[in-house]
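Common to both upcoming complexes is subunit A, partnered first by subunit B, then by subunit C.
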Partner chain A sequence: MSQNSIILKLVSLPISIILICLGIMTILGGHITPGGGFQGGAMIASGIILSIIVYGLGNSPLELSHTYIEVLESVGALGFIIFGLIGLLVGGFYLYNVGTDVLNIVPQYIQNIFHYPDVTNAGIIPYLNIFVGLKVFVGLTSIVIAFAGFKKLTEEGE
Partner chain B sequence: MLNLGPIIFGLILGLLIGSQIKFKFGDNVFTLASLIIVFIAGIIVAWQSGNFPFYTDLQISTGFLSALIGIFAGNLIFARSK
Partner chain C sequence: MAAIFSVTLADAVFHLSSMINPGVSNIYNALGTQIAPNLVTVVIFDFRAYDTLGESIILLTAGLVVLLIFGRGLLGDKQ
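Moving on to the complex of A and B:
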(Lines of atoms letter the chains of each structure in order from A and count residues from 1; the text may use other names and numbers.)
(Lines give C-alpha, C1' and ligand atoms only; values in the text may rest on other atoms or scores of the structure.)
Protein backbone atom coordinates (compact mmCIF):
# COMPACT_ATOMS: atom_id res chain seq x y z
CA MET A 1 0.00 0.00 0.00
CA SER A 2 2.94 2.37 0.55
CA GLN A 3 4.03 4.89 -2.07
CA ASN A 4 7.47 4.73 -3.66
CA SER A 5 7.96 8.45 -4.30
CA ILE A 6 10.94 9.88 -2.40
CA ILE A 7 9.40 13.36 -2.35
CA LEU A 8 6.25 12.03 -0.70
CA LYS A 9 8.32 10.15 1.87
CA LEU A 10 10.31 13.31 2.63
CA VAL A 11 7.42 15.72 3.14
CA SER A 12 4.68 13.53 4.60
CA LEU A 13 5.93 13.29 8.18
CA PRO A 14 6.54 17.07 8.58
CA ILE A 15 3.09 17.79 7.06
CA SER A 16 1.57 15.20 9.41
CA ILE A 17 3.14 16.93 12.42
CA ILE A 18 1.86 20.35 11.29
CA LEU A 19 -1.62 18.88 10.65
CA ILE A 20 -1.70 17.35 14.13
CA CYS A 21 -0.74 20.68 15.71
CA LEU A 22 -3.45 22.46 13.68
CA GLY A 23 -5.97 19.87 14.89
CA ILE A 24 -4.99 20.42 18.53
CA MET A 25 -5.26 24.19 17.99
CA THR A 26 -8.77 23.71 16.54
CA ILE A 27 -9.84 21.60 19.51
CA LEU A 28 -8.56 24.17 22.00
CA GLY A 29 -10.33 27.07 20.27
CA GLY A 30 -13.59 25.19 19.80
CA HIS A 31 -15.57 27.04 22.45
CA ILE A 32 -15.21 30.52 20.88
CA THR A 33 -14.32 29.95 17.22
CA PRO A 34 -15.60 27.62 14.46
CA GLY A 35 -14.27 24.17 15.13
CA GLY A 36 -14.27 21.98 18.18
CA GLY A 37 -13.74 18.39 19.19
CA PHE A 38 -14.97 16.62 16.08
CA GLN A 39 -13.27 18.90 13.56
CA GLY A 40 -9.98 18.99 15.45
CA GLY A 41 -10.03 15.23 16.01
CA ALA A 42 -10.65 14.68 12.29
CA MET A 43 -7.68 16.95 11.47
CA ILE A 44 -5.39 15.00 13.82
CA ALA A 45 -6.63 11.74 12.29
CA SER A 46 -5.94 13.12 8.79
CA GLY A 47 -2.30 13.69 9.76
CA ILE A 48 -1.93 10.11 10.93
CA ILE A 49 -3.84 8.74 7.91
CA LEU A 50 -1.49 10.66 5.57
CA SER A 51 1.56 8.95 7.05
CA ILE A 52 -0.13 5.52 7.02
CA ILE A 53 -1.04 5.91 3.32
CA VAL A 54 2.41 7.15 2.29
CA TYR A 55 4.66 4.89 4.36
CA GLY A 56 2.43 1.81 4.55
CA LEU A 57 0.78 0.17 7.53
CA GLY A 58 3.69 -1.73 9.04
CA ASN A 59 6.25 0.97 8.35
CA SER A 60 4.51 4.18 9.38
CA PRO A 61 6.19 6.60 11.83
CA LEU A 62 2.78 7.40 13.31
CA GLU A 63 1.20 4.08 14.03
CA LEU A 64 -1.07 3.68 17.05
CA SER A 65 -1.02 0.49 19.07
CA HIS A 66 -4.19 -1.40 19.97
CA THR A 67 -3.83 -0.57 23.67
CA TYR A 68 -3.31 3.13 22.95
CA ILE A 69 -6.46 3.29 20.80
CA GLU A 70 -8.44 1.38 23.41
CA VAL A 71 -7.33 3.61 26.28
CA LEU A 72 -7.92 6.93 24.49
CA GLU A 73 -11.33 5.83 23.15
CA SER A 74 -12.39 4.81 26.66
CA VAL A 75 -11.01 8.00 28.26
CA GLY A 76 -12.91 10.12 25.70
CA ALA A 77 -16.23 8.38 26.26
CA LEU A 78 -15.88 8.07 30.04
CA GLY A 79 -14.76 11.69 30.45
CA PHE A 80 -17.80 12.95 28.56
CA ILE A 81 -20.15 10.78 30.63
CA ILE A 82 -18.48 11.72 33.93
CA PHE A 83 -18.75 15.45 33.16
CA GLY A 84 -22.43 14.91 32.31
CA LEU A 85 -23.04 13.06 35.56
CA ILE A 86 -21.25 15.76 37.57
CA GLY A 87 -23.68 18.28 36.08
CA LEU A 88 -26.58 15.97 36.94
CA LEU A 89 -25.46 15.46 40.54
CA VAL A 90 -24.42 19.04 41.32
CA GLY A 91 -26.77 21.13 39.19
CA GLY A 92 -29.70 18.80 38.57
CA PHE A 93 -29.31 18.59 34.77
CA TYR A 94 -27.25 16.21 32.66
CA LEU A 95 -24.21 18.06 31.21
CA TYR A 96 -25.05 21.19 33.23
CA ASN A 97 -22.18 23.66 32.85
CA VAL A 98 -20.92 23.62 36.46
CA GLY A 99 -17.92 25.77 35.55
CA THR A 100 -20.07 28.72 34.45
CA ASP A 101 -23.26 28.15 36.48
CA VAL A 102 -25.81 30.34 34.68
CA LEU A 103 -28.60 29.46 37.16
CA ASN A 104 -26.53 30.16 40.31
CA ILE A 105 -27.14 26.74 41.84
CA VAL A 106 -23.59 25.43 42.15
CA PRO A 107 -21.26 26.21 45.11
CA GLN A 108 -18.34 28.52 44.33
CA TYR A 109 -15.62 25.92 45.10
CA ILE A 110 -17.08 23.51 42.50
CA GLN A 111 -17.19 26.34 39.95
CA ASN A 112 -13.52 27.02 40.65
CA ILE A 113 -12.61 23.35 40.07
CA PHE A 114 -14.26 23.23 36.62
CA HIS A 115 -13.30 26.72 35.50
CA TYR A 116 -11.23 26.62 32.29
CA PRO A 117 -8.20 28.92 32.62
CA ASP A 118 -8.94 31.58 29.99
CA VAL A 119 -10.79 34.89 29.67
CA THR A 120 -14.03 33.51 28.22
CA ASN A 121 -15.45 31.78 31.35
CA ALA A 122 -16.51 28.81 29.22
CA GLY A 123 -16.80 26.30 32.05
CA ILE A 124 -16.74 22.65 31.01
CA ILE A 125 -17.17 23.21 27.24
CA PRO A 126 -13.40 23.12 26.43
CA TYR A 127 -13.00 19.93 28.48
CA LEU A 128 -15.88 18.31 26.57
CA ASN A 129 -14.23 19.41 23.31
CA ILE A 130 -10.98 17.76 24.38
CA PHE A 131 -12.73 14.47 25.24
CA VAL A 132 -14.68 14.46 21.96
CA GLY A 133 -11.48 15.29 20.08
CA LEU A 134 -9.63 12.35 21.65
CA LYS A 135 -12.46 9.98 20.79
CA VAL A 136 -12.84 11.16 17.19
CA PHE A 137 -9.09 11.14 16.58
CA VAL A 138 -8.59 7.53 17.64
CA GLY A 139 -11.92 6.43 16.14
CA LEU A 140 -11.20 7.69 12.63
CA THR A 141 -7.60 6.49 12.79
CA SER A 142 -8.64 2.99 13.86
CA ILE A 143 -11.08 2.78 10.93
CA VAL A 144 -8.26 3.55 8.47
CA ILE A 145 -5.86 1.16 10.23
CA ALA A 146 -8.51 -1.57 9.95
CA PHE A 147 -9.11 -0.87 6.23
CA ALA A 148 -5.35 -0.84 5.54
CA GLY A 149 -5.00 -4.11 7.45
CA PHE A 150 -7.82 -5.74 5.46
CA LYS A 151 -6.22 -4.59 2.20
CA LYS A 152 -2.86 -6.00 3.30
CA LEU A 153 -4.48 -9.33 4.20
CA THR A 154 -6.27 -9.45 0.83
CA GLU A 155 -3.05 -8.71 -1.07
CA GLU A 156 -1.23 -11.42 0.88
CA GLY A 157 -4.02 -13.93 0.17
CA GLU A 158 -3.88 -13.39 -3.61
CA MET B 1 -3.07 38.65 29.04
CA LEU B 2 -1.72 35.14 28.60
CA ASN B 3 -4.32 32.34 28.69
CA LEU B 4 -3.05 29.18 30.36
CA GLY B 5 -5.75 26.81 29.05
CA PRO B 6 -4.45 26.22 25.50
CA ILE B 7 -0.85 26.06 26.73
CA ILE B 8 -1.53 23.36 29.33
CA PHE B 9 -3.90 21.22 27.28
CA GLY B 10 -1.96 21.69 24.03
CA LEU B 11 1.11 20.38 25.82
CA ILE B 12 -0.81 17.39 27.23
CA LEU B 13 -2.36 16.46 23.85
CA GLY B 14 1.02 16.94 22.14
CA LEU B 15 2.72 14.67 24.69
CA LEU B 16 0.00 12.03 24.12
CA ILE B 17 0.47 11.99 20.35
CA GLY B 18 4.24 12.60 20.36
CA SER B 19 4.74 9.42 22.38
CA GLN B 20 3.65 7.42 19.32
CA ILE B 21 5.94 9.02 16.71
CA LYS B 22 9.12 7.34 15.50
CA PHE B 23 11.72 9.30 13.56
CA LYS B 24 13.67 6.19 12.51
CA PHE B 25 11.47 3.80 10.59
CA GLY B 26 12.33 1.37 7.81
CA ASP B 27 14.85 2.92 5.43
CA ASN B 28 13.88 6.44 6.44
CA VAL B 29 15.67 8.42 9.13
CA PHE B 30 14.75 11.96 10.15
CA THR B 31 17.92 13.48 11.58
CA LEU B 32 18.14 16.14 14.27
CA ALA B 33 18.76 18.84 11.65
CA SER B 34 15.58 17.96 9.74
CA LEU B 35 13.57 17.98 12.97
CA ILE B 36 14.90 21.47 13.76
CA ILE B 37 13.71 22.57 10.30
CA VAL B 38 10.26 21.08 11.03
CA PHE B 39 10.21 22.93 14.36
CA ILE B 40 11.10 26.24 12.69
CA ALA B 41 8.40 25.65 10.04
CA GLY B 42 5.92 24.99 12.86
CA ILE B 43 6.89 28.26 14.56
CA ILE B 44 6.29 30.10 11.27
CA VAL B 45 2.83 28.48 10.93
CA ALA B 46 2.03 29.45 14.53
CA TRP B 47 3.19 33.01 13.84
CA GLN B 48 1.08 33.23 10.69
CA SER B 49 -1.96 31.90 12.58
CA GLY B 50 -1.83 35.04 14.71
CA ASN B 51 -3.16 35.18 18.25
CA PHE B 52 -5.74 32.45 17.64
CA PRO B 53 -8.17 31.71 19.34
CA PHE B 54 -8.46 34.50 21.92
CA TYR B 55 -7.24 37.49 19.89
CA THR B 56 -6.11 39.27 23.04
CA ASP B 57 -2.88 37.54 24.05
CA LEU B 58 0.48 36.95 22.33
CA GLN B 59 0.92 37.51 18.56
CA ILE B 60 1.45 33.76 18.10
CA SER B 61 -0.89 30.81 18.38
CA THR B 62 -0.06 29.47 21.86
CA GLY B 63 -2.13 26.29 21.40
CA PHE B 64 -0.28 25.40 18.20
CA LEU B 65 3.13 26.18 19.65
CA SER B 66 2.57 24.22 22.86
CA ALA B 67 1.26 21.25 20.83
CA LEU B 68 4.42 21.37 18.69
CA ILE B 69 6.66 21.50 21.78
CA GLY B 70 4.56 18.71 23.34
CA ILE B 71 4.99 16.45 20.30
CA PHE B 72 8.79 16.78 20.32
CA ALA B 73 8.99 16.52 24.12
CA GLY B 74 6.69 13.49 24.10
CA ASN B 75 8.85 11.86 21.48
CA LEU B 76 11.98 12.53 23.54
CA ILE B 77 10.47 11.32 26.82
CA PHE B 78 8.03 8.54 25.94
CA ALA B 79 9.02 7.44 22.41
CA ARG B 80 8.42 3.77 21.73
CA SER B 81 11.13 1.67 20.12
CA LYS B 82 10.47 -1.03 17.59
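Moving on to the complex of A and C:
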Protein backbone atom coordinates (compact mmCIF):
# COMPACT_ATOMS: atom_id res chain seq x y z
CA MET A 1 0.00 0.00 0.00
CA SER A 2 2.99 2.33 0.48
CA GLN A 3 4.28 4.73 -2.15
CA ASN A 4 7.89 4.84 -3.33
CA SER A 5 8.15 8.53 -4.24
CA ILE A 6 10.64 10.40 -2.03
CA ILE A 7 8.76 13.70 -2.53
CA LEU A 8 5.56 12.20 -1.15
CA LYS A 9 7.42 10.83 1.85
CA LEU A 10 9.06 14.21 2.53
CA VAL A 11 5.89 16.27 2.20
CA SER A 12 3.18 14.09 3.71
CA LEU A 13 4.47 13.97 7.31
CA PRO A 14 4.43 17.79 7.82
CA ILE A 15 1.03 17.96 6.13
CA SER A 16 -0.28 15.23 8.43
CA ILE A 17 0.98 17.05 11.52
CA ILE A 18 -0.57 20.34 10.33
CA LEU A 19 -3.88 18.56 9.68
CA ILE A 20 -3.83 17.02 13.16
CA CYS A 21 -3.11 20.38 14.80
CA LEU A 22 -5.89 22.03 12.77
CA GLY A 23 -8.29 19.29 13.84
CA ILE A 24 -7.42 19.76 17.52
CA MET A 25 -7.96 23.51 17.10
CA THR A 26 -11.34 22.90 15.46
CA ILE A 27 -12.43 20.61 18.29
CA LEU A 28 -11.32 22.96 21.07
CA GLY A 29 -12.98 25.98 19.43
CA GLY A 30 -16.12 24.07 18.54
CA HIS A 31 -18.50 26.17 20.60
CA ILE A 32 -17.16 29.50 19.28
CA THR A 33 -16.05 29.03 15.69
CA PRO A 34 -17.64 26.97 12.91
CA GLY A 35 -16.96 23.27 13.16
CA GLY A 36 -17.08 21.00 16.16
CA GLY A 37 -16.27 17.54 17.37
CA PHE A 38 -17.29 15.64 14.24
CA GLN A 39 -15.46 17.91 11.79
CA GLY A 40 -12.32 18.17 13.92
CA GLY A 41 -12.22 14.42 14.43
CA ALA A 42 -12.53 13.87 10.68
CA MET A 43 -9.61 16.28 10.12
CA ILE A 44 -7.35 14.45 12.59
CA ALA A 45 -8.34 11.14 11.02
CA SER A 46 -7.51 12.46 7.53
CA GLY A 47 -4.03 13.43 8.71
CA ILE A 48 -3.32 9.98 10.06
CA ILE A 49 -4.90 8.31 7.00
CA LEU A 50 -2.60 10.33 4.72
CA SER A 51 0.42 9.19 6.68
CA ILE A 52 -0.70 5.55 6.63
CA ILE A 53 -1.41 5.57 2.88
CA VAL A 54 1.94 7.15 1.97
CA TYR A 55 4.26 5.25 4.33
CA GLY A 56 2.42 1.94 4.52
CA LEU A 57 0.88 0.35 7.58
CA GLY A 58 3.98 -1.14 9.18
CA ASN A 59 6.40 1.82 9.02
CA SER A 60 4.18 4.86 9.33
CA PRO A 61 5.51 7.44 11.82
CA LEU A 62 1.97 8.14 13.07
CA GLU A 63 0.89 4.66 14.01
CA LEU A 64 -1.98 3.87 16.37
CA SER A 65 -1.60 0.69 18.39
CA HIS A 66 -4.49 -1.63 19.20
CA THR A 67 -4.61 -0.59 22.85
CA TYR A 68 -4.57 3.10 21.90
CA ILE A 69 -7.55 2.67 19.56
CA GLU A 70 -9.42 0.62 22.17
CA VAL A 71 -8.85 3.12 25.00
CA LEU A 72 -9.69 6.24 22.97
CA GLU A 73 -12.85 4.74 21.47
CA SER A 74 -14.03 3.62 24.92
CA VAL A 75 -13.22 6.99 26.50
CA GLY A 76 -15.17 8.79 23.78
CA ALA A 77 -18.28 6.64 24.05
CA LEU A 78 -18.28 6.26 27.84
CA GLY A 79 -17.56 9.94 28.41
CA PHE A 80 -20.55 10.98 26.32
CA ILE A 81 -22.84 8.53 28.09
CA ILE A 82 -21.52 9.44 31.57
CA PHE A 83 -22.10 13.14 30.90
CA GLY A 84 -25.63 12.22 29.83
CA LEU A 85 -26.14 10.24 33.05
CA ILE A 86 -24.86 13.16 35.14
CA GLY A 87 -27.51 15.32 33.48
CA LEU A 88 -30.10 12.63 34.21
CA LEU A 89 -29.15 12.35 37.90
CA VAL A 90 -28.77 16.05 38.62
CA GLY A 91 -31.24 17.78 36.34
CA GLY A 92 -33.74 15.08 35.50
CA PHE A 93 -33.15 14.96 31.74
CA TYR A 94 -30.70 12.73 29.87
CA LEU A 95 -27.88 14.85 28.40
CA TYR A 96 -29.12 17.95 30.22
CA ASN A 97 -26.62 20.81 29.95
CA VAL A 98 -25.61 20.91 33.62
CA GLY A 99 -23.12 23.75 33.30
CA THR A 100 -25.42 26.20 31.55
CA ASP A 101 -28.62 25.25 33.39
CA VAL A 102 -31.28 27.00 31.29
CA LEU A 103 -34.12 25.80 33.53
CA ASN A 104 -32.48 26.79 36.90
CA ILE A 105 -32.89 23.37 38.52
CA VAL A 106 -29.26 22.53 39.30
CA PRO A 107 -27.50 23.62 42.54
CA GLN A 108 -24.83 26.25 42.09
CA TYR A 109 -21.84 24.12 43.22
CA ILE A 110 -22.60 21.35 40.70
CA GLN A 111 -23.08 24.00 38.05
CA ASN A 112 -19.62 25.39 38.83
CA ILE A 113 -17.97 21.96 38.37
CA PHE A 114 -19.28 21.47 34.83
CA HIS A 115 -19.02 25.06 33.70
CA TYR A 116 -16.37 25.32 31.01
CA PRO A 117 -13.78 27.93 32.10
CA ASP A 118 -14.46 30.44 29.36
CA VAL A 119 -16.13 33.78 28.75
CA THR A 120 -19.02 31.97 27.05
CA ASN A 121 -21.74 30.15 28.97
CA ALA A 122 -21.19 26.88 27.12
CA GLY A 123 -21.53 24.39 30.00
CA ILE A 124 -20.78 20.81 28.95
CA ILE A 125 -20.76 21.51 25.19
CA PRO A 126 -16.91 21.69 24.89
CA TYR A 127 -16.49 18.45 26.82
CA LEU A 128 -19.00 16.67 24.58
CA ASN A 129 -17.14 18.16 21.60
CA ILE A 130 -13.89 16.60 22.82
CA PHE A 131 -15.50 13.19 23.40
CA VAL A 132 -17.20 13.12 20.00
CA GLY A 133 -13.95 14.28 18.40
CA LEU A 134 -12.03 11.40 19.97
CA LYS A 135 -14.68 8.95 18.89
CA VAL A 136 -14.88 10.13 15.27
CA PHE A 137 -11.08 10.33 14.94
CA VAL A 138 -10.53 6.81 16.24
CA GLY A 139 -13.52 5.38 14.36
CA LEU A 140 -12.50 6.69 10.94
CA THR A 141 -8.83 5.88 11.47
CA SER A 142 -9.52 2.34 12.64
CA ILE A 143 -11.60 1.63 9.53
CA VAL A 144 -8.68 2.62 7.28
CA ILE A 145 -6.20 0.69 9.44
CA ALA A 146 -8.49 -2.34 9.19
CA PHE A 147 -8.63 -2.09 5.38
CA ALA A 148 -4.85 -1.75 5.11
CA GLY A 149 -4.33 -4.65 7.49
CA PHE A 150 -6.76 -6.89 5.59
CA LYS A 151 -4.94 -6.13 2.33
CA LYS A 152 -1.64 -7.04 3.98
CA LEU A 153 -3.09 -10.25 5.43
CA THR A 154 -4.58 -11.26 2.07
CA GLU A 155 -1.26 -10.66 0.28
CA GLU A 156 0.58 -12.71 2.89
CA GLY A 157 -1.96 -15.51 2.62
CA GLU A 158 -1.59 -15.89 -1.13
CA MET B 1 -43.12 29.76 -14.29
CA ALA B 2 -46.85 29.62 -13.73
CA ALA B 3 -46.28 28.02 -10.33
CA ILE B 4 -43.91 30.78 -9.23
CA PHE B 5 -46.33 33.41 -10.49
CA SER B 6 -49.28 31.85 -8.68
CA VAL B 7 -47.32 31.51 -5.43
CA THR B 8 -46.24 35.14 -5.68
CA LEU B 9 -49.82 36.20 -6.35
CA ALA B 10 -51.10 34.15 -3.41
CA ASP B 11 -48.42 35.64 -1.17
CA ALA B 12 -49.37 39.16 -2.23
CA VAL B 13 -53.07 38.58 -1.71
CA PHE B 14 -53.15 36.45 1.45
CA HIS B 15 -49.81 37.49 3.14
CA LEU B 16 -48.55 33.93 3.53
CA SER B 17 -45.39 34.97 5.39
CA SER B 18 -47.41 36.33 8.30
CA MET B 19 -49.50 33.14 8.46
CA ILE B 20 -46.52 30.82 8.97
CA ASN B 21 -45.97 29.84 12.60
CA PRO B 22 -42.21 29.71 13.36
CA GLY B 23 -42.79 27.23 16.19
CA VAL B 24 -39.79 26.29 18.30
CA SER B 25 -37.41 28.34 16.14
CA ASN B 26 -38.04 31.50 18.19
CA ILE B 27 -37.07 29.72 21.40
CA TYR B 28 -33.92 28.30 19.82
CA ASN B 29 -32.87 31.69 18.48
CA ALA B 30 -33.47 33.40 21.81
CA LEU B 31 -31.76 30.77 23.99
CA GLY B 32 -28.99 29.57 21.69
CA THR B 33 -26.79 32.64 21.53
CA GLN B 34 -26.98 33.05 25.31
CA ILE B 35 -25.31 29.65 25.76
CA ALA B 36 -22.49 29.78 23.19
CA PRO B 37 -21.80 31.96 20.15
CA ASN B 38 -22.01 29.07 17.68
CA LEU B 39 -25.72 28.31 17.40
CA VAL B 40 -25.16 25.18 15.30
CA THR B 41 -23.01 23.56 17.98
CA VAL B 42 -25.54 24.52 20.63
CA VAL B 43 -28.28 22.81 18.64
CA ILE B 44 -26.37 19.60 17.94
CA PHE B 45 -24.70 19.24 21.37
CA ASP B 46 -27.33 20.71 23.69
CA PHE B 47 -30.86 20.68 22.29
CA ARG B 48 -30.36 17.63 20.09
CA ALA B 49 -27.62 15.77 21.92
CA TYR B 50 -29.52 12.50 21.49
CA ASP B 51 -28.95 12.77 17.74
CA THR B 52 -25.23 13.23 18.27
CA LEU B 53 -25.13 10.14 20.46
CA GLY B 54 -26.83 8.16 17.70
CA GLU B 55 -24.47 9.62 15.14
CA SER B 56 -21.45 8.38 17.05
CA ILE B 57 -23.07 4.97 17.46
CA ILE B 58 -23.41 4.88 13.65
CA LEU B 59 -19.62 5.27 13.38
CA LEU B 60 -19.09 2.50 15.92
CA THR B 61 -21.41 0.23 13.94
CA ALA B 62 -19.59 1.10 10.70
CA GLY B 63 -16.25 0.03 12.15
CA LEU B 64 -17.79 -3.13 13.54
CA VAL B 65 -19.34 -4.06 10.18
CA VAL B 66 -16.06 -3.43 8.35
CA LEU B 67 -14.33 -5.84 10.74
CA LEU B 68 -17.16 -8.36 10.35
CA ILE B 69 -17.51 -8.38 6.58
CA PHE B 70 -13.99 -7.71 5.30
CA GLY B 71 -12.24 -9.59 8.08
CA ARG B 72 -14.18 -12.78 7.54
CA GLY B 73 -11.73 -15.65 7.54
CA LEU B 74 -8.75 -13.37 8.29
CA LEU B 75 -9.23 -12.49 11.95
CA GLY B 76 -9.67 -14.61 15.03
CA ASP B 77 -9.12 -18.34 15.23
CA LYS B 78 -8.12 -20.00 12.00
CA GLN B 79 -10.15 -23.17 11.63
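Please note the rule applied: the second predicted complex is superposed on the first by the 157 of 158 C-alpha atoms of A that agree within 3 Å, B and C clash if a C-alpha of one lies under 4 Å from a C-alpha of the other, contacts with A are read in each partner's own complex, and residues count from 1 in each chain.
Here, a residue touches a chain if its C-beta (ideal position, glycine included) is under 8 Å from a C-beta of that chain, and two chains touch if they have at least 3 such contacts.
The shown structure was predicted, so the numbers you read here are calculated from the model rather than taken from an experiment.
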Which of subunit B and subunit C A:Thr120 touches, first, second, both or neither: both
Contacts of A:Ile32 with subunit B and subunit C, given as first, second, both or neither: both
Touched partner set for A:Leu72, first subunit B, second subunit C, both or neither: first
Partner chain in contact with A:Thr100 - subunit B first, subunit C second, else both or neither: second
Touched partner set for A:Lys9, first subunit B, second subunit C, both or neither: first
Touched partner set for A:Cys21, first subunit B, second subunit C, both or neither: first
Subunit B versus subunit C as contact partner of A:Ile130, first or second or both or neither: first
Subunit B versus subunit C as contact partner of A:Leu140, first or second or both or neither: second
Touched partner set for A:Asn59, first subunit B, second subunit C, both or neither: first
On subunit A, positions contacted by subunit B and by subunit C: 32-33, 120
Interfacial residue positions of subunit B with respect to subunit A in the complex: 1, 3-6, 8-10, 13-14, 16-17, 20-23, 25-26, 28, 30, 34, 37-38, 41-42, 45-46, 49, 52-54, 56, 61, 63-64, 67-68, 71, 80
Complex interface listing, subunit A residues touching subunit C: 30-34, 36-38, 73, 76-77, 80-81, 84, 94-95, 97, 100, 102, 120-123, 125, 128-129, 132, 135-136, 139-140, 142-143, 146-147, 150, 153-154, 157
Subunit A partner contacts - residues on subunit C that touch it in the complex: 31, 34-38, 40-42, 44-46, 49-50, 52-53, 55-56, 59-60, 62-63, 66-67, 70-71, 74
Contacting residues of subunit A [partner subunit B, same complex]: 9, 13-14, 17-18, 20-22, 24-25, 27-29, 32-33, 44, 55, 59-65, 68, 72, 116-120, 126, 130, 133-134
